[in-house]
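Same chain, two partners: chain A is paired with chain B first, then with chain C.
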Partner chain A sequence: MSGVPATRVNNAGRAARRGRRPWALIGVVPFFAYVIIFLVVPAAAVMVEAFRANDGSISLTNLATVLSSKQPWLHSYAISLELSAISAVIAAVLGLVGTVALVSSPSRVVRRLVTTGCGVLANTGGVPLAFAFIATIGNAGVVTHLLADIGFDPYDHGFSLYSFAGLVIVYLYFLLPLVILLMLPPVEALRHEWREAAATLGASSRSYWQKVGFPVLTPPFIATLMVLFMDAFAAYATAQALTTGSVPLVPIEIGSLLAGNVVTNQANLGDALGLGMIVIVGAAGALYVFVQRKTARWLR
Partner chain B sequence: MYRGSGQRWRKAAAAGAAGTTLAALGVIAGSASIASAASSDACWATAVNINSCGGMSALVAAAKAEGTINLTADPTTWANYGNIMKDFGAKYRLKVNDFNPDGSSAEELSEINLDKGKSDEPDVVDIGNSFAVEGVAGEPGSFTGPIFSPYKVAEWSELPAAWKNASGYWAFDYSGVMAIGYNASVVKTPPTSFASLLNPEFKNAVGLSNNPTASNAGFSAVYAAALNNGGSLNNIQPGIAFFKKLSSVGNYNPVEAGGAGDAPMADKTVLATLDWTYNQISWKQELQKTGIDWKIVIPAGKPYASYYSMAISAWAPHPAAARLFLEYMYSPTGQNLWLEGGAVPATITAMQKAGTVSKAAESAVPALPGPPEIASVAQESAAQKVVVADWSSAVS
Partner chain C sequence: MKPTRTFRWIALGLLGLYVLIPVAASLQFSLEAGYKGRLSLTAYSQALAEAGLGTSLLTSVKVAAGAAAITLALLVPTVIFVNLRFPRWRAVLDAVSLLPLGVPAVVIVLGVLGAYRSLPSIITGTPVILALVYVILAMPYSYRAIDASVRAIDMHTLVDAGRSMGAGWGKLFSRVLLPSLRSGILAAAFLTVALSLGEYAIASIMGFNTFPVWLVGVEGNNPYVAVALSISALAFTWILLVALALAGSGRRRRSRGFGAGLVGPEGEDEITPSLAPEEEAVA
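Moving on to the complex of A and B:
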């Protein structure tokens, strides 16, 4: 790829950058200020309040309540984890297939259209998305009526949008485009020169994928899975509008405890539930960072 | 020339003296009015009833001097608040702010505590009764009560003792009655009771305003179901069992039917909902515009009502305007405005005796089959614990 000249350029660049470092730090101050105020401080507040009992003292009662098998919270965590994991895996697999198809398309226009479209769809969510799905495949939706006219009403055969399965379908709407956006760079980085080089060395298609393709793609694939998992785990407004808690999810229950009209004096329990979410998302995020380090090697 | 300038000097000096005197008088008068406004504001900030600081006219003057009132969490489609805010603002020429119109009672208490000293601190809050009690008792680890300013309106004696705080920190203001609203354009047999919601006609079509663990309306629907299925104010389990049955026959639709707007009713996803009379009336008016005839019926059996409470913030930036709003809302004018929105006002019995119920308001609330049942704070919080523990397993 590049030889000695590039190394010399890199050294020169590095030297120049070292001299400029103090100025560069000023540029990141606004970003860090924003992150600290809106991310670090609230997260720290949640973590501290989780250990406060109803009488104001520091105690572990809230954690004990959350982890107790007699309470419904562990079950909610299980359902939340299940929903996030299943949506993430389905989206990742389907999205990978879509990305490979997109990369093999010769038309730049198609690629640009799809990427832009994915950028929009990946950020769609919340109440508008829920109502859009209710209007199409809800029990009185347009598509449902069309299918009923043909004689196959999905709601008569056990399907319901307002269930776990329905939530997976709705989550796929914004998770799939996210996969395409995240997997495009790694799949594009799988240069066909490598394929040709492997072929000249006598590798079959199968050993190419086994020895080159999948090892290169696996770290970014796992990283993408982590991002999808975190995105689905923290989704609130869509699930709230669609199921209002009939599928027990942790973000919805935190909402009931902290900002509802029914339960009083249980805010610290809500913080404890939030602490659990931070721990889970933190673990997924740590795995993401670890895997990204391995990926970066191949994308230079 | 010199003579003219001398005269000019005298004229200038006279004009200057007159101007200065006028200015001084103006400043004195202005500071006197500011001082009196400030001192009357200070008086109203701790006034416990209307006679403390000079009666209604002084209150109106002080409120007008303040010029603004901060309300919060009052959706315009809830209990006729749209008209209430407009009428109050027009009558006393005050600017009516409504921050966070879709806020919850919990958020209203947070706003009182967190916005102290800022211009958007709420003056008056309208909250669920358990939150009013919490506002007086305080929440350990969060805030010490009371966070309200005590005030007893002119009609204080008309309210039963159980409907108000003895020191004046809060009082019941209006109540809804749990009612069934249904799409009369589509539904062939009108539902008249809880049992009729189990009919196959309502497959996937019976909704609640929101999750019973998060919304008072949803929770009250479960309580009402309990009262009419063998339960009582002390036993909400039959209500949860009713919704479990509704879910197992496939009639329960878990979307937010009302909590996030009336879209599910407008597109016929939900054909019947259980919600407060005042919400059903506002959905009726909204859905009329899309051609849907939304009818309201109080289910046969024991009616269930739950009162909201009104309180003044202890750090209200406009204490006179806050007290004027309470006097307005508890007077027959305000109480009739609530009744027109389908909310039964707290002084309805006294108003019926005195004949001050307006004709327009009388027809708004459907006739009740009997006296409504109202849960105490203790009964409510015990029932809430049961619902929070059992709801999702019942309907999932």
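Moving on to the complex of A and C:
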């Protein structure tokens, strides 16, 4: 990164000269072709098929079925949204507490350890994680037995790992580390000088947080919430391995439709359900980009 | 409000327990295998003898290797080319590489099954399709890793130096560029492999018997074996990712590329495989 200005000008000039040969863009063709074939076309196919009736004509029947209150699908969306929203909020709040604790730690070793661990854990998930939790607080799990031994069997008190609450507990395992990774830069960027400046101007600790801390952390916090929400909303493996479909999440329902486990007389019903997912994830993604732009201004 | 020492240790301690308890419990669960207080490796030896372990693992390894190979073949030349010739396109490619995050895996299966139903079954009827799709799923992370290592070196100078000494593009690529991008290439391959080995949704819906799909079947018959295999799989992925992170911090002084997109202990790298870089694309 040294000697940047001179090189930059140089490179820009070179690039401009070379950029005049548009055929040279052929070098990016494979990349775009690949993305189009394996991402854009499939996603577009889902959006188009969602509007096709069985005979291939354009129609709204699939969407009408999805939105009909006589059908189970709206309920699936409600459960999916609720699960992702609750998991995201719990993870974000607990993760923020963890991040503040981490940033205040003077020990570099602890911070290294936690950030490295978070990078690894945020990539954990899926089937093995679900089974690890079954071994822990499943109905024959180690912790379940320990609790039963001291007279508090959670399964006698309405708890079940194979339920909505169980899913939240497992999701937190990979969402919490993600919060710490995402919130660490903004929390660290809450500059010491700002606090001193505020104190010099006579601000109390409370008004510092009210006027500086919270306003500055709000955009990255919302961005983090959106990432967590999208992650939880699209998650499939953990829920399937844990509940085998007893919690009717949208991805699971689409999976059963595709596998032919659910009989329907509408061939493209799955596409209509998929379209709903694209819309919801897309909205969360758009909010993320919007908020992130605001954050980028002061985080540098 | 300066967090007190007590608050700090309680918060970090609880988080630590939350991470460690399932690991410890899984170890105990699989080692006891139903006999309380008696530890043995029975579940682990049963796991090795379980029918189908070899074939499902082989399928998963092949798919992961294929996905990593395609990722590198596709992304390394593209990123080098764009950085050398069309730096202005970097933002576009960066944004495009993030697109897969906006499309849930289930939707990709829906679309692939719908759009390519008529393709020859050599592609859609074999695990080849999994490798092809996993390249897309891993792209937000693999692209970031390669791009970070390309930006960390002064490629123009290297290329000009190589050219002035008479190296052709082939030699330049194999003797100069690939070695100096080794860190990013390794990181991209590791991340793609880790993702491919663990992916369940697409493989199970499309009916391919990869390791995670097979594992779910095992759980019904023998939960101890399933947990033994799960904890082994988790340990394997964690070792892979920790190795990546450590190698990254070791060479960070020289090149900040390695392990990018995974961990950034100093908070200055792209910390997560996250969306953080998007701001660059937009700005």
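Brief remarks on what is shown
We take it that the second predicted complex is superposed on the first by the 254 of 300 C-alpha atoms of A that agree within 3 Å, B and C clash if a C-alpha of one lies under 4 Å from a C-alpha of the other, contacts with A are read in each partner's own complex, and residues count from 1 in each chain.
Please note the rule applied: a residue touches a chain if its C-beta (ideal position, glycine included) is under 8 Å from a C-beta of that chain, and two chains touch if they have at least 3 such contacts.
Every value quoted in this text rests on a predicted model; they were computed, and no experiment measured them.
Chain B and chain C, once both complexes are superposed via chain A, clash.
By the touch criterion stated above, A:Val110 is placed in contact with chain C alone, chain B being left untouched. Once chain A of one complex is fitted onto chain A of the other, the partner contacts of A:Phe131 extend to both chain B and chain C. With both structures placed on the common chain, the touch criterion links A:Ser246 to chain B but leaves chain C unconnected.
In the superposition on chain A, contact is made by A:Gly260 with chain B only, not with chain C. Of the two partner chains placed around the shared chain by superposition, chain C is the only one that A:Val227 touches, whereas chain B remains out of contact. Of the two partner chains placed by superposition, A:Ser69 touches none, neither chain B nor chain C. Looking at the shared chain after the overlay, A:Thr200 reaches neither chain B nor chain C.
When the two complexes are overlaid, the chain among chain B and chain C that reaches more residues of chain A is C. When the two complexes are overlaid on their common chain A, residue A:Ala53 makes contact with chain B while staying clear of chain C. The clash between chain B and chain C in the superposition falls on 113-121, which is one of the stretches 5-13, 41-49 or 113-121.
Across the two superposed structures, the residue set of chain A contacted by chain B and also by chain C is 127, 131, 134-135, 138, 140-141, 240-241, 255, 258-259. Contact residues on chain A toward chain B in their complex (touch as defined above): 52-57, 71-72, 75-76, 127, 130-131, 134-135, 138-141, 155, 160, 162, 240-248, 252-253, 255-256, 258-265, 267-268. Looking at the complex, you find that chain A touches chain C at residues 7, 10-12, 14-15, 18-19, 24-25, 27-28, 30-32, 34-35, 38-39, 41-46, 49, 94, 97-98, 100-102, 104-105, 110-112, 114-129, 131-138, 140-143, 145, 172-173, 176, 178, 181-182, 184-185, 188, 205, 209, 223, 227, 230, 233-234, 236-237, 240-241, 251, 254-255, 258-259, 270-271, 274, 277-278, 281-282, 285, 288-289, 292-293, 295-296, 299.
Against chain A, the residues of chain B that register as touching in their complex are 104-107, 128, 130-131, 134, 139-142, 203-205, 208, 210-216, 218-219, 247, 252-256, 259-260, 263-264, 267-269, 381, 384, 387-393, 395-396. Touching chain A in their complex are the following residues of chain C: 1-3, 7-8, 11-12, 15, 18-19, 21-26, 28-30, 36, 74-75, 77-78, 81-82, 85-89, 93, 96, 99-116, 132-133, 135-136, 139, 154, 156-157, 191, 194-195, 198-201, 204-205, 207, 212, 215-216, 219, 223, 226-227, 229-231, 233-234, 237-238, 241-242, 245-246, 249, 262-265, 267, 271-276, 278-279, 282-283.
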